[in-house]
Amino acid sequence: MSIRVAVNGYGVIGKRVADAVRAMPDMELVGVADVATDWRIRTATGLGIAVYAATDSAGDTMREAGVPVAGTLTDLLGQTDVVVDTTPKKVAAANLPLYEAAGVKVVLQGGESHATTGHSFVAQANYASAVGRDMTRVVSCNTTSIVRVLGALQDGGLLARARGVLIRRATDPGESHRGGIMNTVAPEASIPSHQGPDAKTVLPGLDVVTIAAKASHTQTHNHFWTLQLTRPASREEVLGALRAAPRIAFIRMADGLTALNTTVELMRDLGRPRGDMWEVALWEDVLSVEGDEAYLTYQVYNEAIVVPETIDAIRALSGTVTDGATSIAMTDEVLGMRQEFLPVPLGARER
Amino acid sequence: MSIRVAVNGYGVIGKRVADAVRAMPDMELVGVADVATDWRIRTATGLGIAVYAATDSAGDTMREAGVPVAGTLTDLLGQTDVVVDTTPKKVAAANLPLYEAAGVKVVLQGGESHATTGHSFVAQANYASAVGRDMTRVVSCNTTSIVRVLGALQDGGLLARARGVLIRRATDPGESHRGGIMNTVAPEASIPSHQGPDAKTVLPGLDVVTIAAKASHTQTHNHFWTLQLTRPASREEVLGALRAAPRIAFIRMADGLTALNTTVELMRDLGRPRGDMWEVALWEDVLSVEGDEAYLTYQVYNEAIVVPETIDAIRALSGTVTDGATSIAMTDEVLGMRQEFLPVPLGARER
Amino acid sequence: MSIRVAVNGYGVIGKRVADAVRAMPDMELVGVADVATDWRIRTATGLGIAVYAATDSAGDTMREAGVPVAGTLTDLLGQTDVVVDTTPKKVAAANLPLYEAAGVKVVLQGGESHATTGHSFVAQANYASAVGRDMTRVVSCNTTSIVRVLGALQDGGLLARARGVLIRRATDPGESHRGGIMNTVAPEASIPSHQGPDAKTVLPGLDVVTIAAKASHTQTHNHFWTLQLTRPASREEVLGALRAAPRIAFIRMADGLTALNTTVELMRDLGRPRGDMWEVALWEDVLSVEGDEAYLTYQVYNEAIVVPETIDAIRALSGTVTDGATSIAMTDEVLGMRQEFLPVPLGARER
Amino acid sequence: MSIRVAVNGYGVIGKRVADAVRAMPDMELVGVADVATDWRIRTATGLGIAVYAATDSAGDTMREAGVPVAGTLTDLLGQTDVVVDTTPKKVAAANLPLYEAAGVKVVLQGGESHATTGHSFVAQANYASAVGRDMTRVVSCNTTSIVRVLGALQDGGLLARARGVLIRRATDPGESHRGGIMNTVAPEASIPSHQGPDAKTVLPGLDVVTIAAKASHTQTHNHFWTLQLTRPASREEVLGALRAAPRIAFIRMADGLTALNTTVELMRDLGRPRGDMWEVALWEDVLSVEGDEAYLTYQVYNEAIVVPETIDAIRALSGTVTDGATSIAMTDEVLGMRQEFLPVPLGARER
């Protein structure tokens, strides 16, 4: 029997989660809820997705604007096992009583605080502890990537301390009017930025500090790390630890993948839906190790990276799959996730 | 029996033509030729496309770099009925003797001159005159859009004179390093720009002048037109003439589609491959008519708009379909082209 | 005796007007009023400008933040002959009763409506009609440029009809967070845009339609025009009419001035304060004439172009100079405005 | 008697050095040499600067294009004590025999290698060792900023190890067509990048590693550092060491200076020529210290920061001033360099 899933908030993340839920053989998308009347929600209707009104007043507005509304959020929750709340930052917390009343399990996103759910989730790090819980929070795109990469090195016994600079995109490509900055870089006003502490909600033992800034581009983040290792190690040891983890893909400057936009184009070339990259893309031939220090850079496709984590979180809460590795393998197989994007990459051959 | 097609030049246009050829039930992609060794051509291999070396020296370099090379361009042409040359501007002309020697028909792209082939092609305007020819040239993205839109108004007996301003993207999203301009607008050094005269190679009777400039964005062109009509007309008459033509889709500010990037995002939401838009997207609720003048603006997805024209050109040269409307309908059906992107658009309801 | 001037609103325009007033031998800057506490207003203090609080509550906040406040807006107006209101759009109208009560004359900016003052001002077009008035409105940057250029052609008896496309900068370079759009073009939702009708508040006889859009750069606008002339004319006749008008400078692609940013750099090279260009910069070697049609493009330095107009408007209201040409000459001499930026421009030599 | 200075290469750096030389009371600008014919060199003529042809063939082209050419590079060198070579990267090395033959002293720029001159220069670090030498190399903008900031902490006995991420501008604002990247970030292909080792040519004892990337903006670099201190220290100790060094200015988020473009605007507001900032601008209220680690970020105005260093280098080679602190004070006084840009900054008050 399928897990019945609802998505509340059909935005950048919500629409991708809806796509992924529809692709999973063990899940069923009951519907999505939103308050919008514009092209975004109309597209959902065109795809055959049932659209519900997230609030009563929204229902009236949506119907007047010609959006076919299937019912209220309460109606939707009544048919749901797990709801994924992808509403804007801080809205989800207010929805919790409604979810509790309906007796549905809840996956929140990284805009909410850890305290809201008491559990923060990255599949490869702590799937087991979410199994059967009522709620969890999938951490943000930046934090997810940090946990994947630093967690892999920690698991390999190599990581003593991590200091990172996170260059974020200014706004999403379809949202040019919100938060756009032009021809500048805007450093965050405080160091450390919140991502380091946030990663510790999943991996409490990390010694990590992050510095963040926004740059003048609209797609994907770029992280740069200086890592203190537990001991002098070879480059191959470091790469080996990274290769042992799921959801990290390896790219190379030597293949011509020299900037964030080239990988975005590669995803389009690979036929990925929306051009999405769910993996962290780590530049294998940029990574360098000097004694007990390692330096690396990777790309975070912020619109999509939390989608597989969200799918796994649904499964964990539902209790239908109790083993994280099994769930990760199911998700990655269906989405078509990969460790290498190219057959015989040039850079790999040359080293 | 399928039309056997080769694509020479696996770049922005070539890879899309290859995709479309593979999707057409009456065509077969024999292979693609290129000289590259980087991720672009490796992706083709990953998709199961046979890769040939476009030159002898390239063959050696490609093999050394680990690209599996299926043979020479001559080998490829030996199995081909129609070759589509999507090599960089001005390279194609030098390839013509090779194509002639191989006895294959040739579709060139808009970077080449009209004189090279003696025939310039936009399916809805002059399919019939290309049937059975040895060669034709699919005109550029800008010119294709001009012929579609102005041709529709000319067919409707409404167009006397057209004056347009073409705001072009600086470079393609995957090609940030070539031709990028930053934080500026660069007007072309001469008025009229070449697109107006180029449109007359397909529609000789047009009275059209174009002014062009590059702006600081990487995706899609934006055209703005002032049209002198043959007589005072209503807004509905002008829209009617446009709706009677294929490959023009109607979008609306009232639906929240307020800028070039919103339509790009819409294409991703619709599940289009690479997020491509093959239609001209014309803002229905911006179009205005005052007496015998009309003003309109539309968006040209420059990476993709010539793809359906190229498919039709292949069919016309092959002689397998002699009626343009039939070919256009086949192409558009397979690609999933539409006149309206949204079910019950808000703007359409309100007017 | 100097004209005593106050500037209310120390923003993009206000700070430049303050500079220009301080440079004029017949004017005195009494002070500026604002509500800010940040670096912008602190810079004014550093330059020795007296800062007043534009509202009572602002006064408290400013003092608490350590900004030395010289008094209230009423205090400032008590020492003032003419106030220039450069507060954000639509704020100025609410200030009018205060100005009236203080018995000061008022120059508003283009964000306000024509009806607010009953008089709209561009020095070369209608200085005389503003002499001795209580109020006028200096029209916006776009409109000022339109009146300068189309007015020159109208004065030369050459202009029958003008159709323009205005590509605006997204936001100002120091204001990246307000109104920024990224990697897109956003056409205005209606044609005609307001600039055409606005130009008629100064030149009622114009037959002008404008289409506007925002592009993804932060500095200066770029206008493209198709002009119907009253009769077939030579290129030299059209240029002659433009050269006869003040405040239009001629630039050339042949000199390497090929894009908006090159002229901005030129202004820095010329040692202009803030790199400002008060002239309309018209590409002389792009302008072309075909029979009774002319096509041209020019650049509008939106942060600065209304500054000389504002200075002239102050003089006109004050009644100290009754002849427009005299005031224009005084202003342009002090600012260092020019018809040619380069000694012996290459383009000029070659034609 | 003035030091007679020539500038070879009137580009982004050369034109600023020419300005600064003209401003110094102990120097005289004999002339500049270049090969260009466009607006850049014509502007020099307009400013009254004597222009020489950098090569014989350029002389002919320049004269034909109407640029008044005062003579050959040899003619220029014949009247010169010190030549500053600001030609494009790697051209200067080829000019050295010419300079040697003319018996002039030479200041090279950071595009050349340390080996070319055997001495690399940052005034506050090693002025004394350049006094009376025949040649030195002023290091690049990035390296200059690193030496200023890390050198200050080293002088304060606080710096053990420095790891930095350098986010560079894509291209200069007036050079949009060269090296422009759009809507992306391009990490350098190797870690460490060259700036860390380059800083050691001036401060051999530094333990420094740098990671570099280009972002999609055109003005100024942004550096982010994680610093291992020699011992646990207070924030005030770290700031104290930085305040003791020249040419570091302090800015604050609390004053509204929140991004690179705001400081650029501030420079325009301060009336700086070309809007230049010669200081490193360090965010005082972002700097944080945790035990024996410090984190900081600063802005490097790449077009201008090496200008004061170049002036000092001229003086050092000439031997007229033997004490570095004296030369620095002279240069900074004339240019108007400052440690604080605002009177009573808000941020400073609050802490």
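The chains carry the letters A, B, C and D, assigned in the order they are written, with residues numbered from 1 in each.
Keep in mind that, in the parts below, a residue touches a chain if its C-beta (ideal position, glycine included) is under 8 Å from a C-beta of that chain, and two chains touch if they have at least 3 such contacts.
No experiment lies behind these values; they were computed from the predicted model shown.
Participant: Between the options A-D, B-D or A-B, which interface matches B-C on more than half of its contact pairs by residue number?
Facilitator: A-D
Participant: Report which of A-C and C-D is connected by more C-beta pairs in contact.
Facilitator: Between the two chain pairs, C-D has more contacting C-beta pairs.
Participant: As a quick test, compute the distance in whole Å between the mean CA positions of subunit A and subunit D.
Facilitator: Distance between chain centres: 42 Å.
Participant: Distance between subunit A and subunit C based on Cα centroids, please, to the nearest Å.
Facilitator: 48
Participant: For subunit C and subunit D, what's the span in angstrom between their mean Cα positions?
Facilitator: So the centre of subunit C lies 35 Å away from the centre of subunit D.
Participant: Listing for subunit A: what residues touch at least two other chains?
Facilitator: Counting only residues that touch two or more other chains, subunit A contributes 173, 176-177, 181-184, 186, 216-218, 258-259, 261-262.
Participant: Can you name the residues of subunit B that touch subunit A in the complex?
Facilitator: Contacts found on subunit B: 15, 37-40, 42-43, 45-47, 65-66, 173-174, 176-177, 182-183, 218, 255-259, 261-262, 264-266, 268-271, 273-275, 341-346, 349.
Participant: Which stretch or stretches of subunit B touch subunit D in the complex?
Facilitator: 170-171, 173, 176-177, 180-184, 186, 216-218
Participant: In their complex, what parts of subunit C are in touch with subunit B?
Facilitator: 163, 165, 167, 181-192, 209, 211, 213, 215-219, 222, 224, 226, 253, 258-262, 283, 285-288, 290, 293, 295-297
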